[in-house]
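Each chain gets a letter, A, B, C and D, in the order it is written, and its residues are counted from 1.
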Amino acid sequence: MPRTPGYKHSKAIDNSGFSPNSSAEGGRLTNKDGRINLKKSGVPLYERISVYHSLLHMNNFVFTLTVFAIYTCLNLSFASLYFLIGIDHLAGAHRSGDFFEDFLQAFFFSSQTLTTVGYGHISPVGFVANVIASMESFIGIMSFALVTGMFYARFSRPKAYIRFSPNLLVAPFQGGRALMFRLATYKNNHLTDADAQVTIAIHVEESGKTVTKFYPLELEISHINSLALSWTIVHKLDEKSPLVDFTEEDFNTCRIEMMITIKAFDDHFSNTVQQRTSYTQDELVYGARFLPMYARSDDGSYTNLMLEKLNLHEPATLPT
Amino acid sequence: MPRTPGYKHSKAIDNSGFSPNSSAEGGRLTNKDGRINLKKSGVPLYERISVYHSLLHMNNFVFTLTVFAIYTCLNLSFASLYFLIGIDHLAGAHRSGDFFEDFLQAFFFSSQTLTTVGYGHISPVGFVANVIASMESFIGIMSFALVTGMFYARFSRPKAYIRFSPNLLVAPFQGGRALMFRLATYKNNHLTDADAQVTIAIHVEESGKTVTKFYPLELEISHINSLALSWTIVHKLDEKSPLVDFTEEDFNTCRIEMMITIKAFDDHFSNTVQQRTSYTQDELVYGARFLPMYARSDDGSYTNLMLEKLNLHEPATLPT
Amino acid sequence: MPRTPGYKHSKAIDNSGFSPNSSAEGGRLTNKDGRINLKKSGVPLYERISVYHSLLHMNNFVFTLTVFAIYTCLNLSFASLYFLIGIDHLAGAHRSGDFFEDFLQAFFFSSQTLTTVGYGHISPVGFVANVIASMESFIGIMSFALVTGMFYARFSRPKAYIRFSPNLLVAPFQGGRALMFRLATYKNNHLTDADAQVTIAIHVEESGKTVTKFYPLELEISHINSLALSWTIVHKLDEKSPLVDFTEEDFNTCRIEMMITIKAFDDHFSNTVQQRTSYTQDELVYGARFLPMYARSDDGSYTNLMLEKLNLHEPATLPT
Amino acid sequence: MPRTPGYKHSKAIDNSGFSPNSSAEGGRLTNKDGRINLKKSGVPLYERISVYHSLLHMNNFVFTLTVFAIYTCLNLSFASLYFLIGIDHLAGAHRSGDFFEDFLQAFFFSSQTLTTVGYGHISPVGFVANVIASMESFIGIMSFALVTGMFYARFSRPKAYIRFSPNLLVAPFQGGRALMFRLATYKNNHLTDADAQVTIAIHVEESGKTVTKFYPLELEISHINSLALSWTIVHKLDEKSPLVDFTEEDFNTCRIEMMITIKAFDDHFSNTVQQRTSYTQDELVYGARFLPMYARSDDGSYTNLMLEKLNLHEPATLPT
């Protein structure tokens, strides 16, 4: 059980969006990628899932696979229809008697119709085949319309492209201690008017029960005009901090979790972008300092930001 | 007639966007889905309707039907044209003499042109047929362009996906009473920086005439950093509330209507989303309290939000 | 020459974006539709014109015509190419010897290629024809891609759909006078958090020279939560107004121009929309009041907003 | 070495996003076009590059070339496949024995499939050819979907279209001196609610080391309601300025760099747009004043903004 630490003098907030009831919570609150560690139930899957959100967040490989699977399924369905009404309703195809060969001809006609390539060496004959072909090309265009939109949405989705240092340091700072982490944009994007908001969750015993308490953390600099180089975010562990007298052990015992939101304006997207992450005690390094991660280029004409040094730190003695 | 209640001490607002003149108003001000209960007249329909807004708000089934209907109409129109200039202007089609069969051939050629599938077993012959076919494929591409855009717009439309508890409770709160309702996001979206704005409309007699008065309601928490779990919105019925001395009967007599606007930032859409709703006295439960709707998962690794419990409440005694 | 009016006590602003130098200005500052009455020169047309902006603002008819014209031009250009290399490079086309007929065949082949309908009864033969056809279908798809985007952009462009009363009234108000105009949304859209900003320009003589002075006008209500019904915007002509002692004649002599910007949030577009307009002395009615424009519906279930009454006003005596 | 100038009394800011460590910086901080003069390393190229951002910023010519190159590559790849499986799997093509001629036929069939024009005079025969053709038309549609989106994104990208005067002047102003530059929108767009933010970087010696110091500059007018005409941005060199006692030589010695961000609302895009630029001592003209750049049109009906005069200035004597 921890000593009664100084956080008692600080004002916990109740608008973190999380519950102070530790017994209702499982695991960390926010995952590294910024998603809330939460599942929802009691609503049918199709209502609970936003197809749009899901497709937006799939990785490229899975997305391509999904699109290809849908294309193949549509093709197979229509091929079956053509096959069922009889392959002789397709002029240019020849009834071979072989199931597989006949079905393939229907399948290829179907794919030529779905993509509207329509070579014409196979063409529909009669009312039913024509109606199905007409429907298929219509459905083909509609489906590709959706896929076009989805491709574009994935491609153009405003993202912050921020990388955070994997570790959170307790570093020496102005004669005292400070919590520090570092971030930088890693793509050819540029953020302006960036704001950082940091909330810490600590789990403490109160009247024999474990409760989760949330505190906003004051930052040395919480707004930056232009996120050009790296940005080291610093919370000084002084009298105003709820963690003022936390020892290395306290950070572990209280199972701290630091939740971070960065909001900025990306002038390529002309949109506000946001990225979130969190640090737990497992990612905390007690007694260390970050080393510089940028330098003048060899020819002196530009500044070089070395992203591989984002987490570079060396041990440092902390004042007592 | 109601007793003169405490709302007289509160300052009514006149920027609610609604009229204080009760005799000009019909029914509730805002529908459950957040739309204003209002019709507009005096402007021709085509000016009064934003086709874009209408198509955005159609449900999926009606939208698909609409698109399909337009496709069929376009097809029929062009088929008629080909039929009128004579089926012999379509090489590959054969004049059967049967009206229906001839028209069908024109129709199928038309659909092959509109979707640009163009098999070619039927093809236009002569100036007129070629010009029409050229126009049709052009119009086809234009129409599908519009539909593509519309599909995407519907699909990607920023929405808050918030579900509100069907009931508004008068619940015991900090030794007094409070108006409470609960909300949660029900999809795999995540809202941050959520703001709630609540306005109440009450209908009261003033100098023998019924007037509608509007009051902003102060909330215990009106801003939340992260809408992770559920959010119970609380308006305490204390001295600062215009409803301080409302009895259960008063809520009914004054035909209260509580109008709610939630505004938040969705970091998937990277956009501000807004959702509105309203509660009337019919949805008010006097003397009840909400029960918890989330719990630790069985394996303790995440939190489970049970959406089916969004409205779960039990009777509760109110202080007098 | 006007008497020295009370505006001298008010603080003119210099951040209106317009020039105080009347002799440099021509005509009204802002047109009725909110565009600035300004032309730019000294830059080549192609740099001065944002094609995107222009296409966005064309009316539907002109836009359709433009697209159709481009389609025809592209078609004609490629038809000429096919014709130049010789019609015998198009299998299925027959050399008729007649210039017009031959060109038409090239033209129709071109349109079938551009729209990718590709029936195939005419097809390219030989290297040159094939390369041109390959280019044309590529260019066709690219062009239609642009048009698709443009169609969608026009269709989905966030607009406020606000209608302003054609007249600006000087009306009796709270025992004094006030400048009033009225606005309402006329489509099935809904605006929330609407803000009005009003600036007045007056032309006055100062040391023998006419200068334009700009004043922000204070409004009775400049923010409205929900723009449900109509909104009457009121500027009281009291001591704080720069126009406090303006007579009917002064409004004319000083050639007033009132510039209005309405900014609001449209929750269908999930976007901020803005609309501007201006009133000059020609649209001012001195001594009138607006009549109500909404009423309860016959069955009492909704409110009816009668847009044809937006400008409905009756003469009214003004206090002296 | 410069005299110790008055900037010592001003408060330097540390949230400029740049480093105060001059020895780590190379060249100017911000390029003329507003991009940060920075390169990033330590991350593989494909992670460091946002394809979307790159395609957005290519000029039109390079973009068209890129798209065309991809189209040709895709075509060549598929043509090779058809060629490899043998040209006799393409009905309508004839095996000529000539490598080049055979490959060309495969190439043209490929392009007809990729663009879905599918004339059909060449068509796939057999399982393998059909599968490849089916894949190709699918890939064709997907690729064109991406290109469609990209075209639209480039076309509709919210841009401020602001032109800055190439020179920064030190001009006489209100009996003293002021830093001035001028800007105007040069397209048929219209910006409202424009904000200017100006930061100056100066390189000075402190304890024998060159450090970069950043100061926000106070502006005479930093917000403008409507960016109708030109906007001259003025920073007075008075007591409150960190550059109060800068001589012409100091501007050079300290290698000043003025970084500018303009943020405004474009009501056509209905979006916030932002443009950045910077001035160094090389673009500074000491002792000059801007000349007017707008005038009444000949017929007096509008104002004419002459963009060619944006940088027009004449020498002017500065007070000492």
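Keep this in mind: a residue touches a chain if its C-beta (ideal position, glycine included) is under 8 Å from a C-beta of that chain, and two chains touch if they have at least 3 such contacts.
Since this is a predicted model, take the numbers as computed values, not measurements.
Engineer: If you fit chain B onto chain C using only Cα atoms, how far does it have to rotate, to the nearest 5°?
Structural biologist: To bring chain B onto chain C, one rotates by 90 degrees.
Engineer: What is the chain whose Cα centre is as far as it gets from that of chain D?
Structural biologist: B
Engineer: At the place where copies chain A and chain D touch, is the share of residue numbers found on both sides over half (same) or under half (different)?
Structural biologist: On the two sides of the chain D and chain A interface, the residue numbers are mostly different, under half being shared.
Engineer: So the centre of each chain is just the mean of its C-alpha atoms; given that, what is the distance between chain A and chain D in Å?
Structural biologist: Whole-Å distance between the two chain centres: 27.
Engineer: In whole angstrom, what separates the CA-based centres of chain B and chain D?
Structural biologist: 39
Engineer: If you look at chain C, which of its residues touch at least two other chains?
Structural biologist: 112, 116-120, 148, 152, 271
Engineer: Spell out the residues on chain B that touch chain D in their complex, using ranges where they run on.
Structural biologist: It is residues 116, 118-120 of chain B that touch chain D.
Engineer: Which of the residues in chain D end up touching chain A in this complex?
Structural biologist: 14-19, 21, 23-27, 29, 34-43, 47-54, 56-57, 91, 112-113, 116-120, 122-124, 127, 130, 133-134, 137-138, 140-142, 145-146, 148-150, 152-153, 157-158, 197, 199, 259, 261, 269, 271-276
Engineer: Report the residues of chain D in contact with chain C in the complex, numbered from low to high.
Structural biologist: My answer: residues 67-68, 71, 75, 104, 108, 111-112, 115-121, 144, 147-148, 151-152, 155-156, 161, 184, 186-190, 192, 194, 221, 223-229, 231, 265, 267-268, 270-271, 292, 294-297, 299-310.
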